[in-house]
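Letters are used for the chains, namely A, B, C and D, taken in the order the chains are written, and counting of residues starts over at 1 for each.
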Amino acid sequence: MSIRVTVWGENVHEQKSAAVRAIYPDGMHTTIAAALNAAGGIHATTVTLQDPDHGLSDATLAATDVLIWWGHAAHGQVEDRIVDRVIDAVWSGMGAIFLHSAHFSKPFKRLMGSPCNLTWREAGERERLWLTSRNHPIAAGLPDHFELENEEMYGEPFGVPEPQDTVFVSWFQGGEVFRSGLTWKRGAGNVFYFRPGHETYPTYHDTNVQRVIANAVRWAHNPAARLANPSAAPNVPVETALEPITQRGAKLHAPGEEGMR
Amino acid sequence: MSIRVTVWGENVHEQKSAAVRAIYPDGMHTTIAAALNAAGGIHATTVTLQDPDHGLSDATLAATDVLIWWGHAAHGQVEDRIVDRVIDAVWSGMGAIFLHSAHFSKPFKRLMGSPCNLTWREAGERERLWLTSRNHPIAAGLPDHFELENEEMYGEPFGVPEPQDTVFVSWFQGGEVFRSGLTWKRGAGNVFYFRPGHETYPTYHDTNVQRVIANAVRWAHNPAARLANPSAAPNVPVETALEPITQRGAKLHAPGEEGMR
Amino acid sequence: MSIRVTVWGENVHEQKSAAVRAIYPDGMHTTIAAALNAAGGIHATTVTLQDPDHGLSDATLAATDVLIWWGHAAHGQVEDRIVDRVIDAVWSGMGAIFLHSAHFSKPFKRLMGSPCNLTWREAGERERLWLTSRNHPIAAGLPDHFELENEEMYGEPFGVPEPQDTVFVSWFQGGEVFRSGLTWKRGAGNVFYFRPGHETYPTYHDTNVQRVIANAVRWAHNPAARLANPSAAPNVPVETALEPITQRGAKLHAPGEEGMR
Amino acid sequence: MSIRVTVWGENVHEQKSAAVRAIYPDGMHTTIAAALNAAGGIHATTVTLQDPDHGLSDATLAATDVLIWWGHAAHGQVEDRIVDRVIDAVWSGMGAIFLHSAHFSKPFKRLMGSPCNLTWREAGERERLWLTSRNHPIAAGLPDHFELENEEMYGEPFGVPEPQDTVFVSWFQGGEVFRSGLTWKRGAGNVFYFRPGHETYPTYHDTNVQRVIANAVRWAHNPAARLANPSAAPNVPVETALEPITQRGAKLHAPGEEGMR
C-alpha cells in the first residue's frame, strides 16, 4: 500500500508574484506532490491555506501518513485550532516534514519548543549540501554533496534543539553554513526539517531535492496504528498494580479521579 | 557571586490540604528555597501563583539565573502572557528546572513540544533512583542509587523528546520504571526535569533530593550574558556578505525589509 | 528480497551445561535463527565460535545484512583479526544486534568506545521491560510492557555512550533498573543492544523477545550498497576544488601523497 | 585550585620541518600550554611522544584533569599500552580534547568506535567557524563566527558518532563544510574534538582558537573524584538485594565468582 502524503501549500506568493508563478504555475505544493507521485510507493495530494480548515480536517489528517508543510508569507493566518490538530496528529504518529521557510511556521515552532530563528539573505547564491550521516535513509541514492545554483541563504546559529540526526549541512557562497537536514521525534511522530526551497528559484524541480523529500517521506512514515489519545495520562490503581503493594500515606485524589492538568 | 534562583510555587494544596500543610507549613517553595540557600553559592527566593504576574515580572526574570517550577492543581490558571515571558527568558539563557507534576505545566509543555504524559499512582510506594550517567554534574556527591520510601508513581512511556542526557532512572515498588532526571537545551537555556516531589510526602526534606536540585541549579546556570532578542532572524545584506557575491535571480524582499513570520 | 541475517553463537555453555542444553538442545543461535525465519521477510543462518574464522569469513560478512551476536564465556577467544573484520563490516553498513552478555564482547566494546560495564545477579528474578519510545519500529506490535518471569539482573549504571534512542527500560524484582534497548550508529551501520537472554532461562523462546529481535533486524537493515572502504580519507587536490582556490602557505604533503594515519 | 592540563605533543614536524619550526619554535604543545596558562585558572604542562611512556605515566595521568592531544605524523608510534592507559583515565573521569589531525590518533579512534575519517586539502584556504549552539560554555566570549585565513580543509562526511552537542560548523573557501566542534561522553569522561590546527599555519597563536581551547578545558573538567575502577562489573548477591528475593532456576556462577569477560 502506498504511503499517503498531504502536501500543505501556503499558496500566497504563487498568486501575488509573477516570478514565482513562472516557476510554479500550478503552485509549489503541486510540483512537490507530482514529484512524490512519480517516486514510487507514495500517493500525494495537496491542500492549501485557502481551503476550509486550511484543508486539514480531522478526516484528512487521519488519512495522512506524512504531512509536508511549506509556508512563508502567511504563518500568522494559520488558525491555532488547526495547529492544535496538526500537533495532535504528529504526537499520535503522523510523520511531518517542514520545508525551508516553514522553520517559522506555527506547527514547527510548537514541535520544537525553541525559537527556530536563523540569519538570511535573498541573493540567489550557490548552496552546496553535504551529507553528514553516511547511508542515512533520507540520503539514499544521493552523492556525498549536491548543489543548488540559486538559493536563499540561511545561516547559523539555527535556533532548534539538538537533533537526533544531522543528515545534511549546507555551504553558502556568501560565507555561511547551515544544518539543513535534521531529524527529531515528538510523541510517536517523526519530524524532518529540510532547508532548500525559496519560492523565487526552481528548487523543487531539482532531482536531488525531490529525492530527499521522497526519502524523507519513507523515513517519516510510521506503519503502526495511530495512537488514539496521545496525551492520555492514565491512573494505575493500587489494586491493579503489577506488583502487589498496599496504599500508604495521604492521598489527594479520590479513587477513580482524573489527574490534574 | 551567588547564582540567583527563583523558586516558583503554585501554593494551592498547601492552602487546601492539612496533610500537605503539615509537611510544608510555609509552602513547598519555601522548603526548596531554604535548602538551596543552605547549599552554598546559591541565593534563592520564592514567588507564587497568587502574586501579581504570578511573581514573574520582567525584572524578576531578568534577575533570575535559574527558575525552579513546581505546580500541580492549577496549571490552567497560569496566564499565557506569563508563560510567553518565561519561555523567552529560557531561550535567552535562563536555566529552568521542572519538578514532579510540573511535567504538565504550561512552560514545560511549551519547551518540550511533546505531550509530556505518563502513567501515575498515588500509593505512597517506594521509589529508588538509579544513576545512569557516571559523574554527571547533576549527580555530584550522590551514591549510585538512593531511595524515597513514599512517593507517587510515574510510569513510562514518558512523552518527552529524547533527552541530551539521561541522568536518573527510577524503580517503583509497584512494578514501573521512569526516566526521572533528564536534560535538554532550548535556545540558550538549559532545562532539567526531576521527577520526585509529590506534595503529600516529605520529599523536599530529603537530603539527596535537595542535593540533586542544588547540583541542577549549578548545572543549569549559564554565566554568559542573556541574549537581548533570542528570536531575532536578522537579514544579512548582499553588500555585507562575508564573501563577495552579487545579487542574482528574483527577489521577494525589498532592501532593508523584515523577514516574514 | 529477504533480509539476510547471520546469528553468531558462542556455543560454549550449550556444550558444557546440561541445564542450558535442556532449554536450547540445538544451541541458542539455532533458536534465535528459527524464530527469525518464522517472522517473515528474514532469512537467518547460524555460525559459531568453533567454526573456522569463527564462521565469519569475508564472504559471509559481505552476504550478511544484519549480524546478531550472543557470547558470554569465551569473549577472549574471539580473534582480534575477526573482530576487525566485523567492525569494518558495521562501518560499511552492516547492521549489528548485540544480545545480553554480548555487552562485554570485543566487537560491542570496540563500537562503543566505553567500558560497557554494569552490575549483575543470577537469581532467576522477574524482569519487566517498559517501552520508552512510543511507536519506535523496534517495538512494533508490542504492548507498553512485557515480562520475563526468570532472568538475570543487569543494573545501572550501564557504561555505554548516551544512545540515539532509548527504546526499553527494565524493572527488576530485586530493586534495579536497566536501559535494556538502546540504539546507536557507527559509520554507516546501525547498532542495537537488547538486554534479555541469560542462557539458563528460556528467554529466546519468548514471543515478545522474538518479536523485538525480528523488529530490530528490520530496523538495523540498511538497503544501501555497502561502502567499499569505510575508513577512506581522500585528498581533494586544489585543482579539483569545487570552488576555485589557489595554493597558499607551506605544505607538508607532496602532490598525490597519502594522508598520515 | 587550578585545572591541571597535560598537553601531549607529537613533536615530529617541529623537528623535521623548518616551516613548522618557524611558527612554533618551541613546539606546538608549548604554544598551546602557554596560552592556557595565560587564560586564568588553568595550570598546563607539556609532554611529548619522545618522552619515556610518551610522557604519560600512571602518575601523570592521575594528576591530569584534562588531557589535550595533538598528533599527525606518528599515530602508529604511540604504544598500545599507553593508549589503554589513556582510555582508562578518560573512562574514570579525565577530560580529553583532541585537536585537528588527532582525529586519526589511536585514543580518539578507540573512544569513538567509528572510522573518524574525512576528506582533506592542504591549500592554506580560508576557514570560518560558525557557532551552532548558543551560549554553549565552549563558545563563551566568542562571536557567532570567526575566521582563520589559512587552514587545511577537512570535509564531511566526518566518520564520528552523532555527538551530544554540535558547537561549531566550519565553512571552507574551496566549497566544503565540517562539524568542527563536537562533544561526547565516554564512561565518566567528557570528550571534545576541535578541528583547527594544521602545523604549517599559525592557528594556535590565534586568540579565538586559544579561547575555545581554554573554554573546552573548563567544560571537560570533572571535579568529581576519579573512579577507581571504571570497568568494574560487580556481582550483587541475592542475599544483599535491595528488595527481598529468593534464588530461582539454574545458575552458572558459583557464589562469589567473578563475571565473565
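Everything below uses one rule, namely that a residue touches a chain if its C-beta (ideal position, glycine included) is under 8 Å from a C-beta of that chain, and two chains touch if they have at least 3 such contacts.
What you see is a predicted model, and the numbers here were worked out from it, not measured in a lab.
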item: A-C or A-D, whichever has more C-beta pairs in contact; value: A-D
item: Greatest separation from chain A - chain, by CA centre; value: D
item: Centroid spacing, where centroids are CA-atom means, of chain C and chain D in whole angstrom; value: 27
item: Interchain centroid distance [CA atoms averaged], chain A/chain C, Å; value: 31
item: For chain A paired with chain D, centre-to-centre distance based on mean C-alpha positions, whole Å; value: 36
item: Junction residues of chain A - those touching two or more other chains; value: 128, 133-134, 155, 159, 162, 164-165, 173, 175-176, 185, 187, 230, 242-243
item: Contact set on chain B toward chain D in their complex; value: 93, 128, 133-135, 137, 140-141, 145, 164-165, 173, 185, 187-188, 222-224, 227, 230, 242-243
item: Touch list for chain A against partner chain B, complex; value: 13, 17, 19-20, 72-73, 75-76, 91, 101, 104, 110-115, 117-125, 150, 153, 155, 159, 161-162, 164, 173-176, 184-187, 199-201, 230-238, 241-243, 245-253, 259-261
item: Chain D-facing residues of chain A, complex; value: 128, 130-134, 144, 155-159, 162, 164-166, 169-172, 175-177, 179
